[in-house]
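After the structure tokens below, expect a handful of questions from me.
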């Protein structure tokens, strides 16, 4: 019934190739099916002004899509002179999600910037960015711990995200683009590896949904995030 | 226990003054306690390029805060040369929320722009914007129906929104600023007057939450939106 | 003869509601007939770089119109990415006007920013902004004097402004929008409560005027400003 | 008493070199003492959207200063990404002033853009721009009349401008920079060659003025503009 | 003597992986040692306004670097609101270079946009972009020929580019970053597969060079481009 | 054969009028035939952040064209909100070229900004800017040496630039606009007075060229730069 032939609760194939670029302190290329996102983590000693001197660390994120990551070419945001509303919204989400999994005291007064750049898009790029972004963050923090700059591990529990939605009247896990563009309701679920909730966004455009449907999507999300957390663990072992 | 002395499930006083400005096709000043938002609805015959010729209507929203709506003066976005990320995110949310309650076929090929400008802020401005924005939209649509430009009512069910969160370990309804700035978890719940869900956003920064807590907040939200829908009905009767 | 039925030298009804918002150090909603402007004054300890260390104070202004303050919706300046030429010109005028009435030594090294936001426009918004802006400034300075931060009153004489013009061949006081859009000549007259001139701008587009006409407009302006100064006095008593 | 040794009612030496550049339809380099402005007039067949099809012409102006036209280098506006408030205000003034002297029916549906670029500044650049801009406009219109594109002369009366002010307590004509930076009151007077008023701007910062002083400045301005109109006539004979 | 241990006239290992992304009409990931650039070609039916109706085609290019393509993170151009001078200069160069190898009549009235995004940088990104960009262009044109939209091959001769410079007093081929940052003179040589010159840029900062040195660099460049043309041929066979 | 009737190796008439403006530390109006560029040099004590404290000086350049310097009016870059790609490319070139002729240790920790503003364009504006810019720089440095702020002359060898190209199949020196717009190949050659190379840019669009042609253009350039260096010497003697 799904365009890809997947079962309702079946994820796309996940692959995480770590250390994809040589300069970043942590990096990976995450593939959720045909959605490919390059995630890099950069450690800097400076922090934003509002926490200077607090001893606390900061994690932030930026998001971008290459112009031809999509089926038709999109205008390059650097050329149009500003980041679009969608981009801004997504990168704020990624930053919040990753910060929720960080012990900022343990990190110490430094900033880690996670860049998520979509090489190829087929739905679910924000979720892939969070899941892959956490891997890049994990690898960068590993370096800080290896050098002794950080003693106590600030990443206590992995952070991963998956989208679920009502497609053709059925709740489905991990929407790809053909599903996403048709779904009446879709949601992004950001959770920890141990199943706690960090952020939930469910949205209907030109439709509504019930609490019962919300619960069905939550169930699917729990299954999906567990699988993603296992993939993160395998990639960073 | 709440700074305002309200009960856990008690809303702030709601007031909706309609026709607050004379030029707009619909307008109101909504007050949720000390949060005051001026909402105006503008009808235009043109629609965005992507639906030209489709016969469908469009509803969109813009959001702004006056520089001294807040405790310390914020830089005027027109002067800084762009809308901040928070502004963009909020106005996209308002637009999606209002569109979800519109029968775009019945509206016909025209656009209604709802401007939500915060005169005074004390938490919950995005929810107040949605609730008041719907009232302005309702009044503007009434004019279209009175003139016969629209025959079948495109607004079948009111749209309203409320925030809930975990404050000092307790689930509370309709957070004001002192609560919002301390809350470990907060959510925005957008629903129809008949209790259907349009959008749910729950978020924790530096914390996590459980499905049980999510359910508690949902219960509060249902109570709050029912009260708001009643206020909308009274204001537009 | 005037669209509103007013006499040639008759002002619109003036109302000034002080403390319209709770956060600003001074605020008012001024109404000149159907022109409604919200004015807020913000006190900050920092001053512009060019007077740092001089011991002198600074007063500056910003001006904006809500998108639907006018008969047809104007594009939001924050969205278009810059303040238009008209906006820039007006806010520079308001700032100059208010500064002319301030003893900057007595004010001491601090800045007061007066924000003038037009809620509803019907002609004469810049004059209403100056008149109402002075009231907000007065209230903010009162607070500084009450706390003892300022000892000697820096506001020796009120500042108010009114527009006059040649409409249908006749000199008229306090133009509303229908008059303003037809006037061959119009001028803005900024004066002190004691009748001294601060700034005079008279302009004709596609027309010219004589010194005799200039004198007639000056006479009307003196009458108008005297009435406005009385209203300011009553509002801040 | 004046820094330059001039009499109170003495203008700086005026020189107008026409056809200073070869591409423009009309051009001149106007020198008011050490203030040098290059004015060019460009004829285009297109008009702004709001008069398309009206049969009316349009005249507009743009203003700029070379970065080192002044004593210390100013940031290039093209590099800083926007025209400053002062620039915007001045070019709107130049445009209004020139349009006031144009019979837009006689001009026909075309646009003339007058660019005023300050090569060297020593006070009074906006007035020099108007006076020189009119010469460029005159020369461009002459071409249109020579080719028969325009039959009836749309420039019935020259437009010129001069600044006057109160310097060291005395009314003086044609302020140079040392006077301008010290003047308690200064004004710009835009008039026709036959002595009619187009625009008057008088302004005091940190000071006030009386109607009697205003009349003294008007007297000086009439003398100055008459001399400028004679220079314009000589240059375009 | 070279940091990499290469001979003076030895290129880095070249690899070209075609069809790296699924959406673009042509794409490749080109690697010149540790410099990795993703090149995609997009075919569109529209052309720039200045050739509309001419029957001629157009080829243009855009260039970007991911923020962490380099050793320290660079600010994202989309976030800073404009493309830097270096970016603009490079993408204009790539566009000119590729157009020089295109028969625009044979291409027909359509536009091909080549996006070159640097995933990892180690010197020579503009040359890699041209060489890889031509491969993406070749693959896109192949599709047009396969469908019959283009009959006569518009790509008569490959276009490739290499940098050469004077490093430690010696002429060297294909500078990597450690060489590039130390080189007294460096040049970019853009040539056709048959050895004709398209563009030559040689530059010294804080140094000068002789015609004899220029000739030595030209000799190296001819060798390098011949090897690159062979790699292009192999990749698109 | 050339539109101007010049011989193949004949330059346009060069004139350099020094001290064209009174405020700049050095200035000239350079005319290469009908190409007129105003060059000013500004000395400032501050240097860019990346060399602060190094004891080294910096020379940078900015370039602009007045809107009607060309045959049809170009949009003012300050109004369009950014410098175009061509402008950015040219001013980077001018800056690099001038720096190559400066002993930055001898200059000391100060910055000289050379502004090149095209008053009238007829081809070769970037070369005229470099040649005239060096004269302005020379005059400014003379002042620093006269006051004793600089002891050892940092300008050891003049820097000048000329364009050459293949026009109608023939190599020609110093292209004017009619030649430039038709040339199959054109190049800019930046050299020192003693004949050393600083930067060479040769480019073909829709064409190619050979090493033999490159040599012919180099020969012409050497002749041209020698003449320009003599003119620079005469102007600054």
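The letters A, B, C, D, E and F name the chains in turn, as written, and every chain counts its residues from 1.
The definition used in the following text is that a residue touches a chain if its C-beta (ideal position, glycine included) is under 8 Å from a C-beta of that chain, and two chains touch if they have at least 3 such contacts.
If you want to know which protein each chain is, UniProt gives these names: A, B, C, D, E, F = Ribonuclease PH.
None of these values were measured; they are calculated from a predicted model.
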Starting at subunit C, how many touch steps does it take at minimum to reach subunit D? 1
With chain centres set to the mean of the C-alpha atoms, which chain is at the far end from subunit F? B
On Cα atoms, by how many degrees is subunit B rotated relative to subunit F, nearest 5? 180
Which chain's mean C-alpha position is the greatest distance from subunit D's? A
Chain-centre distance (mean CA atoms) for subunit A and subunit E, in whole Å, is 33
Please tell me the distance, in whole Å, between the geometric centres of subunit C and subunit F computed from their C-alpha atoms. 51
In subunit B, what residues contact two or more other chains? 81-82
Moving around the ring in the sense set by going from subunit C to subunit D, list every chain once. C, D, F, E, A, B
Considering only the defined contacts, which subunit C positions touch subunit B in the complex? 21-24, 27, 34, 36, 38, 40, 42, 44, 62, 64, 66-71, 73, 76-79, 81-83, 87, 113, 115, 117, 119-121
Mind listing the subunit D positions that touch subunit C in their complex? 82, 85-86, 88-89, 91-92, 96, 99-100, 104, 192, 196-211, 214, 218
